[in-house]
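Two complexes, one shared chain (chain A), two partners (chain B, chain C).
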Partner chain A sequence: MSTLASPKTGARRRPFSGPFNWRRAIALTLLALAVAVSILPFYWVLRTALSTNGSLAANSANLLPADFNLGAFKRVFGLQSASEAIAEGGSGASINFWQYLWNSLLFSGITTACAVFFSSMAAYAFSRLRWKGRDAVFSLFLATMLVPPIFTALPNFLLIKNLGLLNSMLGLVLPYLFMTPFAIFFMRQFFLNMSREVEEAAMLDGAKHWRIFFQIVMPNAAAPIATLALLTFMGQWNEYFWPLLVGTSEESRVLTVGLGVFKSQSPQGAPDWSGLMAATLVSATPVLILFAIFGKRIVNSIGFNGTK
Partner chain B sequence: MTTLTKHSGQAARSPRPKAGKGEKQSLARRFGDLKIALFFIAPAMIGLILFYLVPTIRGIYLSFTEYSILGDPEWIGARNYERIAKDPLFWNALGVTSEYVVINIVLQTALALGLALLMQRVAKSTLVRGALLMPYLMANVIAALLWFWMLDYQIGIINQIIEWTGLPRVAFFGSEQWAIPTQALINTWRHMGYTALLIFAGLQAIPHSVYEAASIDGSKAASTFWRITLPLLRPVLVLVLVVTVIGSFQVFDTVAVTTAGGPVNATRVLQFYIYQRAFNEQDFGYGSALAVILFLILAIVAFIQMKFLRGNQSDLD
Partner chain C sequence: MMNKKAFGAVAVAAAAALALSACSGGSAGGDTAKGEISYWLWDANQLPAYQQCAADFTKANPDITVKITQTGWDDYWSKITNGMASGTAPDVFTDHLSKYPDFLKTKQLVALDDAVTKDKVDLAQYNEGLADLWVGQDGKRYGLPKDWDTIALFYNQKMATDAGITPEQMGSLSWNPQDGGSYEKAIARLTVDKNGKRGDEAGFDKNNVAVYGLGLPGSDAENAGQTQWSYLSATTGWTTTDKNPWGTHFNYDDKKLQETIDWWASLAAKGYMPKLETTVGANAADSFGAGKAAINSNGSWMIGQYTGYKGINVGIAPTPQGPDGKRASMFNGLADSIWAGTKKKDAAIKWVEYLGSAACQDVVASKAVVFPAISTSSEKAADAFKAKNVDVTAFTQHVKDKTTFMLPITDNASKVAGIMKPAMDAVLAGKSPASSLTAANEQVNALFAK
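After this line comes the complex of A and B, so read on.
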């Protein structure tokens, strides 16, 4: 982590001085190419979303939007009449985009808040408290990381079905509510390195563990909690398999699943490309916004789980 | 993976209130903060039991039954597994998945290693790292749709470019030969930056003094890479490989959204096959047995990788 945050460049880096360095130039070109491959597709999505389907075919290689217009976005937001939509290459069937967006927000928001909180509680017990069997129980939690999601998804689906919670928000969020093994592991690492002094002083003043947890440990761990919440939220926002199984009604469908439905609604085999790309872009927007605001924090969190 | 348990040694020295004498104190010494700890892990414990442990046992049980959701599960012994052994679709799925895993791993690891070295040498900026990470933050579904459009046979931009260079158009999703490599390429695009960052973090952890010593000894760049960088990177590379292989075996989203198993069975990967059996055909017993097989494969792969590559030992120590 620390190595990521403070790259020591300065001294050895003189981009515009000295003799021209071929190897450096080639390296920079390759890196620029990789960056381009990573981000240019997003421009192509935007360009397509701002085009009309009719013009796309004729101008398929034009770098600018073909016949610039906002019809595709209107279609996604349900602001276009069915006849207009069909004229522009849409299916004319309405998509409850706002409903899906709301569902995605609920699904990701609720699971993130609960899982991060409960996982922090467990991490506290695994790091700051001393009790018999602690390491064994912690290993059990870690071991669940090895179970492939699809393996538990089948019985979990049956459980949710038996509880009568299919196609409900509760059914969607339930398996994620209580913890994720990764979150426990993540928070535990920070709690282990926290100084004990304030905590001990509070102990002497007679504070109980839950007060120490809420008033000392949690506030001091605000930064890692924020990072974890961010990562969890994005992960949940992008989740597809479980919502595909459990949330298939209009009332419980999230955006990722909705996108799949939108794609399959194409009339006579010719997909509504501009509509599809507009929907894709809008679905990715929350993550893009989070990335724009917290980019550095997200980037610096990579490398945590592996190397330190 | 040793890092996971590394810190358990420095166990929390929990300051217990100086309680009374005799029995009360010895009890406290024996159980420590057990009572309060139970309170703190209670929610996580409920989650663990309800959604991990019980489902694991139930999944194994169901794999020995015939179960179509409507009735009750009926115990049929190992018959599902016998069926799997003779199921051409299963062997096809296994083959297709393996092909996907191999292409994905080779491409992704090689590209990521190259990118990490480039970052190390010429640009460590957060901006570059952020740009490379962007695809990883997108949903699989979004990556799939984005490339489904860019790789479209008729009007996709990639086929336009291919045509300009004078080569024939490629039916990326439509041909049996290309369907799996295409899926692998999409996921490589999505993960390469993330993997590169993991390796980059590993590179940063190699002390500079090692390189200085090598250059004093007259080591050339190439041999420094093969003899120093790569061996010292091994723990990180093993971790990356384990995570990527396990992740690739579970490919589903991109396939489900783009080709849905086709053309013919060319992209019917294991997880998609399990999904079809269990949910489309309501054959839960058979689906569970297939899931057990997938579980076993992943466990074996992880075990072999850790064993052979000695992932938990670092040459730095």
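After this line comes the complex of A and C, so read on.
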């Protein structure tokens, strides 16, 4: 996200007026290059989605769609029959798009709501309550951020399996449900900076921790909560490995996994690239929309936390 | 957000699920000849044909409907295995020779002998040998053949013409493990470097190749070189196992195989074939479609893929004749099997018999995707391909000339693949000579020593 932060040193100058400045030209070129490099993959996804499969291989170096065609999107939304799809050089495979989309929304929504809520409570305990060994416990907590998720994947899988929760939404969300160390750390940083006076005033009025948390701390933390929620949601939306292990039934398969499966048809057969890219594009859209609406807020709140 | 009550609900749900899981599984069988049965397959290209079959079937048997689910190859087998363990496998599914021994071991398939006798299924209608492949070590039959495939060479006709190679020459190539014969000459001739120099010309730059003579999809140790090298090794008289099916001794230590593999790996070293590491994550067929390779050896199920590339005129040539003066192709056949846990066994048997009948296989033939197992139906498929302007003689010739050999069927298939793949990859990558396969072979044979 470094490209988003603009340096604010020196007086504000309009970039395209005044005498020619080599430094500025170089900076602008680099910036343009960085933007191009980050946008190009998205463009390539779109270009492939709008192409016809049979023409893709021969036109791999062409920037424009090869044989412009909307069939891939029709395939994604199930508007095309298998024989039509095959005639277009796609695969007859269908992707159960709406079901997977719903699963992805459920998976990301539930985990986000719960993780943010429980992490905020934990962060409150770590920042506003005084108890013996608090900082030691917190350090231990932070240390768990250093454990790569792959280490816990197998034990978690066995646990979920033994609970009989494989192929269920509950099994899918359970490991993410209560907290993540990052979320606690993130919220704690914010809570630490909240003024004590309001809280003390509330206590004098007889409010207990429960009430302070819900009526004072949480409302005041709306901005960071929104940020955390968005970050968590995006992370969950893109999660692949755990849903791949646990959610293999149609009822519990999320979009990322669905797309991965869609990729392989017959052994050695080439994937239906345009269908795959169209589905990828459509599945990325909810997150892109969320980011377009809340993106500025994220940047602001991260900046806010970082400068203190 | 989750409140206390909801959390309680979650805990209850978890406990309930736990209790349920404890008493599931177990009982199987039952024999209703009505209701909905589930059928799984992996090849999306065949989906329309089988949807047609299912509709026709229901018309003839109004009490039974068939729900078809297609799942990509990578996911297909794990879903079936998981389904068998958790009691949610399909009633009927497309089965593969390399996978079904594992299912037999765990008793997951229904033996079809009684039904075949009772309903007088004519096993002679299938292409020779196909039906026998599905008889297990216990002598019982576990599948009815649905289709077969052989190997041929897909080549880029324009590249061949540019190189001065006629279709007749492409159709009469010969090969030997010492100098590669006219097959290697054609591959070298079709290889072009960035400066336009051909592989058989002086000054050929093997490190900057624009078009490879032969494409490489990987070492394919999993399926005993089905599409990559078995059509070569078999012409030396080599066989994968001591007997087939149900061999218990592998022959990867045989010099005949090792010479073949050494020759094959040398193509990459000479710059005629891509290096293994450059093919990881890439698709060989797409590279062919992009004009980066002139010849690809591949199976008949890929005809649709190869002829589907726009702007490329694809020729199909038979595999080269080997030292024994003959061509060779692995012969692989799929079948439909019934899961032992089905609750609708009678309906499932009816459906499998229909899938194995000329009625359904003619429908499959008419779509020109694969060759059905029934001889008369596969002739119809050849005609359907012809109607699409695709000459498939290179594939059917193997069956007519009886130059096929069966895909090796053994126990421990996945363990064998686990040992052979890294060993074969190392040879192909030029990291070890083919003689290193001897050590891998010992490990493989040790699996059967118990």
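Just so it is clear, the second predicted complex is superposed on the first by the 264 of 308 C-alpha atoms of A that agree within 3 Å, B and C clash if a C-alpha of one lies under 4 Å from a C-alpha of the other, contacts with A are read in each partner's own complex, and residues count from 1 in each chain.
Just so we're on the same page, a contact is a pair of C-beta atoms (placed from the backbone, for glycine too) under 8 Å apart; a residue touches a chain by one contact, two chains touch by 3 or more.
Just so it is clear, the structure is predicted and the values come from calculations on it, not from any experiment.
Could you look at A:168 and tell me whether it touches chain B, chain C, both or neither (first, second, both, neither)?
second
Now for A:226: first (chain B), second (chain C), both, or neither, which partner does it touch?
Neither partner.
Let me test your reading of the model: by the given contact rule, A:52 touches which partner, first (chain B), second (chain C), both or neither?
The answer is second: A:52 touches chain C but not chain B.
Who wins on chain A residues touched, chain B or chain C?
Ranking chain B and chain C by residues of chain A touched puts B first.
Who does A:263 touch here: chain B (first), chain C (second), both, or neither?
Touch status of A:263: both partners.
State whether A:60 touches chain B only (first), chain C only (second), both chains, or neither.
Both: A:60 reaches chain B and chain C.
Identify the partner contact of A:295: answer first if only chain B is touched, second if only chain C is, both if each is, neither if none is.
In the superposition, A:295 contacts chain B only.
Go through the superposed model and pick first if A:151 touches only chain B, second if only chain C, both, or neither.
A:151 sits against chain B, while chain C stays out of touch.
After the superposition on A, what does A:83 contact: first (chain B), second (chain C), both or neither?
After superposition on chain A, A:83 lies in contact with chain C alone.
Once chain A of both complexes is superposed, is A:241 in touch with chain B (first), chain C (second), both, or neither?
In the superposition, A:241 touches chain B alone.
Which chain A residues contact chain B in one complex and chain C in the other?
Comparing the two interfaces on chain A, one with chain B and one with chain C, the shared residues are 56-57, 60, 118, 174, 177, 263, 271.
Which residues of chain A touch chain B once you look at their complex with the stated criterion?
For this pair, the touching residues of chain A are 3-4, 7, 9, 24, 27-28, 30-31, 34-35, 37-39, 41-42, 44-45, 48, 56-57, 60-61, 118-119, 121-122, 124-132, 134-135, 137-142, 144, 146-152, 154-159, 161, 174-175, 177-179, 184-185, 188-189, 192, 196, 200, 203, 206, 208-210, 213, 234, 237-241, 244-245, 256, 259-260, 263, 271, 273, 276-277, 280, 283-284, 287, 291, 295-296, 298-300, 302-303, 306-308.
Spell out the residues on chain A that touch chain C in their complex, using ranges where they run on.
52-58, 60, 67, 81-83, 86, 89, 91-94, 113-114, 116-118, 163-168, 170, 174, 177, 248-249, 261-271
Which chain B residues qualify as touching chain A in the complex?
Residues 3-5, 7-8, 10-15, 17, 30-34, 36-37, 39-41, 43-48, 50-56, 58-59, 62, 69, 111, 114-115, 118-119, 121-124, 126, 128-135, 137-142, 145-150, 152, 154-157, 160-161, 189, 192-194, 197-198, 200-202, 204-205, 235-236, 239-240, 246, 249-250, 252-253, 256-257, 271, 274-275, 278-279, 284, 287-288, 291-292, 294-295, 298-299, 302 of chain B touch chain A in their complex.
Quick one: in the complex, what on chain C touches chain A?
Touch list, chain C to chain A: 1-2, 10, 13-14, 17-18, 20-22, 42-48, 51, 70-75, 78-79, 82, 86, 88, 217, 223, 227, 283-291, 298-299, 301-302, 304-305, 308-312.
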